[in-house]
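Next come two complexes built around chain A: one with chain B, the other with chain C.
This part shows the complex of A and B:
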């Protein structure tokens, strides 16, 4: 475990956040020591998103993905067809054993000395292994131990594939806590079928010159940025809601909140539904026939969950985030991989109903391509803001002035509908603060034993003023 | 140079090559001089403007290199309407990655006339797009284009199809807010 950073003025890591003032030091975003420590304390322990099973449907299929700064191979085994994940680094000298983005293979052979691994990660051959005294035997002694480094745990959650390096981490279900049902809901097709989405290939991957927490923490649940950041898209009539023929939805009892789980770090802009069933479909697509499809799907979904209340989830351009940096709304998953203190790679996956007709898939794909990422109408504006907060926060002067995270501080309430989650006004920074509660817990924890939910009595909420149940102050 | 129509004289070929070069240079100049709505007028109403993503592939797996135009995620997959929307957005003056406005330079080279038939004229070219903005931000895109142009009484040619082949895997510039 890395040592706790004691950087400027010998501050403990806790002193970088001032809960009473509602502020966070810029050091969290610009300090290389803190970044290095995050890779140990957060990225070595948390469950991270690898991708989706639909990217590797056949035995022997693989795709190169990432866990933080490191490349990981997500592979479907040729024999048992299970999905496994390995560090893309040969055990001999550390060369990448795979340099293709994706494909189908029998084995991964390192281009350096031909160390060769099967799709279970097992070392099955080495170059010159049959020569006298080479490697002592035909394979290195104890070759069972010299397989590719495998993740500590892996989980297929309704088609989405997640992994953690830490074998002692809680199960992914427990890691999600009350958000499990929300994530499950977002991975359903529009008629409510579980794991009913497939995801367009490939990943949309692009670099953003900023710290990973800028988009990962601050911008995933940031309703106050929309009007200013996205002014140009609004002014040019490029509405994110996709269609000029957008209808106003029929009233359906619901409440919209910024929510944050301070123990788990998840949260976002979520709608809570106050009535059984599913709201009526409202038109929103330009392309002919697409609304007809989604209306019919909605009618099927109504029948399927008529007697239940839908789990809270993102709404109309809203989304929630799974700690540390996965942003989820229905059918769209965007996540952030740290590269360096000031360089982040953003990956996006765009889902569509597996069984949708081609004209619907085309419309969804076009929306994905045109609104998202570095070319996207909407997100290109985000990139500029996310980029330039970094150099403008980095200077010796700038880094002495803390960021304001006080918006709505003290007005949150616990809510029985999502136990443990603090609910606050939709334009507040409740979700941001929950992220910092969890961030600090990870940065201080010696192991998962200190962290919720393995430590059931932990209360990681550092911020004052939550009504109802006890806050960390109590 | 090819005898594209099969019946032109060498002089006609030279004139066509010259006209196409002038058209490519005009496009570049309009883009660099921020005359985007004039550039838009050089695109046909049935435009198909496509920039696929490019995979790292095994030698020989050529059919897997580019993302499928109609089934996968591409960088650009545009109609003229969508490009018009992008231009409206830049011209609002509040599109932050292009405000303050950038200094773009589009260098177009290797202009080759491939063929001419009833569909139009197929022209290949290469580009090096340089963007300099604010104090020290530099972004560059290098690649080639495979165009289908149609003769036009007003603008001489219109772009009907453009496949933009970018020499890039992960998109390294944070924003792509120019055209190619």
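This part shows the complex of A and C:
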């Protein structure tokens, strides 16, 4: 992998973050050169979410997804039924071999010169390949060398599909670290069955004119934004609840924190539970019969984990981010694909118990639609912020003034319940700072050998004051 | 009685695109195969060879380009 870490003008990458002051330069959000380096240093190495296995249940099914700025085909092979992922670019002249969002196919035929690939990515045909002297000695059909570019590693994690371009990256389980159980929990159905979800298709997808880190690093785990951003929705009586007359849940001992793993970059607003089992179900849905379903599911889940404490997880327990830009809670996953320095594509996936009856699936889908996205009543507030942050930060004057990331700095502590994770007050910016620790580590690292967890002695935390300890220095 | 598909006529591209699985094709090199998959891209067919000048390919599956196909007929 090419090492393109370089200074911008007379500043090193590290100089754009001032841990002692708790500030981050706006250049990180508006500078094209830094964006180009992020694509190489972060998006070529990190594990990235491709989608969910429920999108491609049948042999030959495919969806077009993304890894950073690039399109990727996620395909279930016709013969061995394994899921694979390939760059959507013909090896001959670079044309997209697939121009549909999803479908079922025998092969991907490039519309340019008919180079054709099977669902394992193998080149199985070229146009006019049988003519005298054409290709004959230079391109044996089926050549492994000229198949579609396959991802370096792929992982099916309880139904969610993740991939990295880097074959030397750590396993996805190790990449998640202590958040593996939290993600697993969020991918369970409401009765606690592993991989018990399916996701509504097509996903909500929209472009927003902002840098990917604006929503990707700060939208989740930013509890303070609700003070003003969602004030108007609350004034209109448009709450996050799913119905009128929501019951007040019985007390279930728990603690809410902003948490961040500075070595891994993951973290968010999470709830630590102090009691075994599952809270009692409290009615909350408009639609008849839905509460009955979820109450019965909750009773089953109680039996399943009666002797365990739930891992910190999503809805009701906050939500958390998987570095670099995936946001997870127990009913939705949102992720942010960079397109350009100031253009980001946002995808939202809404999960539902795959074995739920139709009236429950309908209710969940309706809730997702009215709550989320540009026409939802709640998230449109967020997008207004994201859309204006970028133009208001990229001017010659604006970019001289750093962003404030000092909220709660110096108050974080390590907690044995999630080893290696810094725990701080829920209205602090601990999770944001953790992402910048990891961001800088990736931007400076020559390879995964420099990065945790392959480098087990690494301390990527750049910020001072955790448990009274000094921060890591270059 | 087998049906012959006119893949060389004015509508030949569409006829080729719609060739059904199970139809038999004869290739320009004399090979004969049965269509086991048609991606309907107008370019390729997936066939299993029942006859082939290279006897090691009899029974093999391969994608063949349209200009390799001399004729097609139902079995």
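Everything that follows uses one rule, which is that the second predicted complex is superposed on the first by the 450 of 474 C-alpha atoms of A that agree within 3 Å, B and C clash if a C-alpha of one lies under 4 Å from a C-alpha of the other, contacts with A are read in each partner's own complex, and residues count from 1 in each chain.
The definition used in the following text is that contacts are C-beta pairs under 8 Å (C-beta built on N, C-alpha and C of every residue); 3 or more make two chains touch, one makes a residue touch a chain.
Source: prediction; values computed, not measured.
Once the two complexes are overlaid through chain A, chain B and chain C fit side by side, free of any clash as defined at the top of the document.
When the two complexes are overlaid on their common chain A, residue A:127 makes contact with chain C while staying clear of chain B. The partner of chain A that touches more of its residues, comparing chain B with chain C, is B.
In the superposition on chain A, A:106 makes contact with chain C only, while chain B stays out of contact range.
Applying the stated contact rule after C-alpha superposition, one finds that A:285 touches neither chain B nor chain C. Of the two partner chains placed by superposition, only chain C is touched by A:116; chain B is not. In the superposed model, A:439 lies in contact with neither chain B nor chain C.
The superposed three-chain arrangement places the nearest Cα atoms of chain B and chain C 10 Å from each other.
Across the complex, chain A is touched by residues 53, 55-58, 61, 64, 67, 70-78, 82, 85-86, 88-92, 94-97, 169-177 of chain B.
The residues of chain C lying in touch with chain A in their complex are 28-29, 37-39, 41, 43-44, 46, 62-65, 67-68.
Interface of chain A with chain C (complex): residues 105-107, 109, 114, 116, 118, 124-130, 141. Those residues of chain A lying in contact with chain B across their complex are 99-103, 200-202, 204-209, 229, 231-233, 235-238, 345, 350, 361-362, 365-366, 368-370, 373-375, 377, 380-381, 383-385, 387.
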